[in-house]
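Dropping a structure here in structure tokens format, bear with me for questions.
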Amino acid sequence: MEGQGRIFTEVDPDLLRGCFRSKSKKLTNKVTSVKEAVQIHLHDGDYLAVGGFGGVRIPTALLHEIVRQGRKGLGFAGHPATHDCEILAAGKCFDRCDAAYIIGLEARGIPKMTRKYFESGAVECTEWTNAALSWRLRAAAMGVSFIPARSMLGTDTELHSAAKEIICPFTGKKYLALPALFPDVAIIHVHEADINGNCHIRGILVSDQDLARASKRVIISAERLVPIDFFRDDQEKTTIPYYLVDAVVEVPFGSYPGNMPYEYYSDEEHLQEWLTAEESPETYQAFLDKYLFGIRDFDAYLELCGGTHRMSQLRDLEYLRKPEGEGAD
Amino acid sequence: MEGQGRIFTEVDPDLLRGCFRSKSKKLTNKVTSVKEAVQIHLHDGDYLAVGGFGGVRIPTALLHEIVRQGRKGLGFAGHPATHDCEILAAGKCFDRCDAAYIIGLEARGIPKMTRKYFESGAVECTEWTNAALSWRLRAAAMGVSFIPARSMLGTDTELHSAAKEIICPFTGKKYLALPALFPDVAIIHVHEADINGNCHIRGILVSDQDLARASKRVIISAERLVPIDFFRDDQEKTTIPYYLVDAVVEVPFGSYPGNMPYEYYSDEEHLQEWLTAEESPETYQAFLDKYLFGIRDFDAYLELCGGTHRMSQLRDLEYLRKPEGEGAD
Amino acid sequence: MAYDDPLKARKAKYNGMELLVCVASRYLEDGASVSVGTGVPVAAAMLAQKLYAPNLLVIFEAGGIAPLLPTMPISVGDSRTTHRAIQATSMTEVMDTLSRGLVDYCFLGGAQIDLYGNLNSTQVGTDYRKPKVRFPGSGGANDFGSLAWRTMVVTPQSARRFVPKVDFLTTPGYLDGPGSRERAGLPPGAGPYKVITNLAVLGYHPESKRMMVESIHPGVTLEEVRVNTGFELLVKDPLGTTDPPSEDELRVLREEVDPLKLVIGREAK
Amino acid sequence: MAYDDPLKARKAKYNGMELLVCVASRYLEDGASVSVGTGVPVAAAMLAQKLYAPNLLVIFEAGGIAPLLPTMPISVGDSRTTHRAIQATSMTEVMDTLSRGLVDYCFLGGAQIDLYGNLNSTQVGTDYRKPKVRFPGSGGANDFGSLAWRTMVVTPQSARRFVPKVDFLTTPGYLDGPGSRERAGLPPGAGPYKVITNLAVLGYHPESKRMMVESIHPGVTLEEVRVNTGFELLVKDPLGTTDPPSEDELRVLREEVDPLKLVIGREAK
């Protein structure tokens, strides 16, 4: 069997080597604004990958900005993509997608208008699994064009992937060769970053270390900026080293309404409001006008959603400071 | 070209899956003695891999015990192997070796009797590179039998490796398929461990995370035992999770005369004494009788080498507390 | 996904969700590892830890390893999944661990399941470019179904869901039957194990690999199970009756595992 | 490895090791990355950082990334290599980074080098099973020689070391000449760059890929270079003379980089 799907990104590691070679390894100030970071580093038609886990540690501020700037024709790595997918679908930003997990919001349900966007034929999908996309990023991080794996074999997921069957020269066993995934741009939200782009992530890493290595350009949003000594004093903090990073923006609560581990829990009420709004085109448009298109920037969004009072509640929830079920009022 | 060297370990991931399946995932007390850990978990003929970087964060106490217990016929991963190689060669413990870096002590020189052991024909070697052995361990950690790489191509290193050339099905480019390396036993020295085997390593990791994942059995020596809450309080500390580990021993200064980052610097005088002793068979035998064969255990070795006074000096050196060049008196 | 209203005879004692959780929990033995999603699986794993398997290693695919779960997570990646955990690692490492054979059990679901335990979580309709309904896709399901030793499916049972052939084979069960997993290149010895529904516990015939009723829940008839299955079901001989939730199970489930009824209260919605 | 006594005319001013370090340092530009070993390479990188390339990214293959080196490391993995570093990572990650094309320069050595820059650090003698002398082997040398953009070799020069054909080709230079790296499957555009010896700076002819003298050190004659080379050397036209170490270079090298003369004092031993 050979996957019939399309590979949306460049696979040749030699082209990527040339690209990575041209990145400066200088320690320089890469701090910019959300607006400029998106303007400068993400272009129509680029292939975009988003850090975090759909509704956990996602770079919401950057995602909103991408929609507001009207980026179109993006490729998108649907590697657990939940609320991030919902945001980009609201802007109809992408037209092709590596689909491992898309559309859904896990146990919360499936947003109908987002699903319609996929069902409409506007998005060309190639199927993968969570492991397959993780390993495709790892192959890229290793600077090779493929990596062998044992998922997907024998299924329609394989048939609609772009993987190819190969034989191990040592054991004669069948494997799937997964093509390396080198995104044009990665956007990743982190706990701390310095001005040079060194980053610290707490909690689950998902695939973000390999994602930062695999991507041609990396935009970081951080809960807070810290001095470089934060990393030089304790190298265990360096989840992503500066030389992989192109732009840094400081956005407190930048993952809201997602869950930022050790910072704030997800705003389930707001996510539910969005999900409910997707029940009809009218309520959907009204919701998006209010919360996404009709506002200036991410700060305005946070204000609209309850501002510091709400953020404090979500922090209480994160730290289990109130009996469960009472914190979200 | 196809590598003419021999693969010393099982490559079939399905056999290994069966082996890993049988490991208990219980949190149980795995603390034992150096002596018992080696007796129970390392057998003649096993393939052994050593954590750390030759003279940095090596499990010296375990290495000495292997020699004193007279283990023979081991396979050995020479993945930067310097002083660890020197110790095992002193016991003529291994007869086959995956050679990436062997014999030498980096800038310190080459121990002559260790070299003679290799030149004598007593050790069958297969050639690799540091990256190749790292990637072979990663392939094993991924549960696959091979991984593609671009080192060694076109060289005698390739010719005397056991790698095979393959073609990428996406780009048509040539790669070397490296066979996965699943050691029978890994011995790794760490900064902190709990009784269950959770481990914390500070500083460079070399390949030790993949090594712990790739090995059928894992013996940990730790500078100190800590409660499990050390890890539950801060999951960033968990370099190696407990379910990979079979035995834990607490050995303060367990990497001496190697360098244990953040703990103590290498004892260059002692390493030099050993190196000089290797100049002739007579001085070599006398040295080994004194420091290795003729003593009871690792505590006795530390005493013989200057005990707590010397360890304090090495700690001062590590922390640069004295002007360089004055600390080693 | 709303679970259909299940049994008739046990209204006063326990509801369908409680039954699912209790039955599922009994399959998890001490010292094993289990990858769980949100909902019934995590409740089952928590219940097992409290009753039978204190050393059950709970793994979340996003990276949470062996947490002390304070409450039900909403996402398999949310911060509850690493609450006082042993490790907060990467999805890549979890998938490596799975591939190496260290994951004993996994729980999966799907819009359709066929007689060989193949699962569809990708789409309704067989035209890939024009699905009637698109679902999220594999996520990690195909990975776990391919590489975990024992796949457990917890799902409501209906003829619409239990189909002769899935529209899209997202996650491998026994594929086309005996030997076909091995022919496809999947690791030997792994695959479908149990299907736990609102009506019955089903397993697979050791030779034919076809789905087989092993026990039916109290108050359910075999005919009901058959009517709610879109293919011919094998029946174990003798056919058992599922042990209903014990008082101990229910007490721990209600008081300690899910006091807010996030999972076991779902039916009431 | 002891460096042969080099030049004649500069005894009062600088020694051979100082010359090697100063000349090597000049090839490292700001914003580039360099993988260094112990000895001359690390001294050259430190000197470059202090004089020309404050943002030179220094990488140690064992995992140390961008340290503020307090003194010379003894091992490429010792704790000096992570002193106030940006990162203490794994060898695997460094090798990945190398493979992705992020390492601009590397420094290598060897017991033998041939006219195409191929290096031998494995053995003397051509019988692999019975070497006359066994050396440590590749270590990371083959990896860097294969995958770093520019390989620098710093070595003493003698006819015994500069041979027509290496006994064992550990690390690729240009292999058999033009196009052979590419035919072997190595990434295009990478490979041998400069050879810096006690006598001269050598490069490679852009078409033939053969070693070529680019400049000879002050007080050295071309004849001396030829006598100390076991194969026919190409000579750049016009042949340059290496700029001797400047006062600035020497001062910073002696006072700041290597005050204990761990590297630059080695000749005196």
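First chain written, first letter: the chains are A, B, C and D, and each begins at residue 1.
What we mean here is this: a contact is a pair of C-beta atoms (placed from the backbone, for glycine too) under 8 Å apart; a residue touches a chain by one contact, two chains touch by 3 or more.
Predicted model only: the values in this text are computed from it and were never measured.
Comparing the centres of all chains, each the average of its CA atoms, the largest separation from subunit A belongs to D. Taking each chain's centre as the mean of its C-alpha atoms, subunit A lies 28 Å from subunit C.
Averaging C-alpha coordinates per chain places the centre of subunit A 38 Å away from that of subunit B.
The distance from the centre of subunit A to the centre of subunit D, with each centre set as the mean of the Cα atoms, comes to 41 Å. Under the contact definition stated at the top, the residues of subunit D that touch 2 or more other chains are 82, 88-89, 98-99, 147, 187.
Residues of subunit B in contact with two or more other chains: 13-14, 135, 142-144, 149-150, 173, 175, 202-203, 235-236.
Taken as a graph of touching chains, this assembly has some other topology, since it is neither a line, a ring, a star nor fully connected. Chains that are in contact with each other form these pairs: A-B, A-C, A-D, B-C, B-D. Residues 52-56, 78, 80, 82, 99-104, 106-108, 110, 115, 118-119, 121, 127-132, 134-135, 137-138, 149-157, 160, 165, 173-176, 202-210, 259, 261-262, 265-266, 268, 318, 320, 324-325 of subunit A touch subunit C in their complex.
Residues 13-14, 16-21, 23-28, 140-144, 198, 213, 228, 231-233, 235-236, 238, 241-243 of subunit B are the ones touching subunit C in the complex.
By the touch criterion stated above, subunit D contacts subunit B in their complex at residues 37-39, 61-64, 70-71, 74-79, 81-82, 88-92, 95, 98-99, 118, 122, 128-131, 133-143, 146-147, 168-172, 175, 180-181, 183-187, 260.
Within the complex formed with subunit A, the subunit B residues making contact are 7, 11-14, 135, 142-150, 164, 166, 168-171, 173, 175, 177, 179, 202-203, 235-236.
In the complex of the two chains, the subunit C residues touching subunit B come out as 30-33, 55-57, 65-66, 68, 82, 84-89, 96-102, 104, 147, 149, 187-189.
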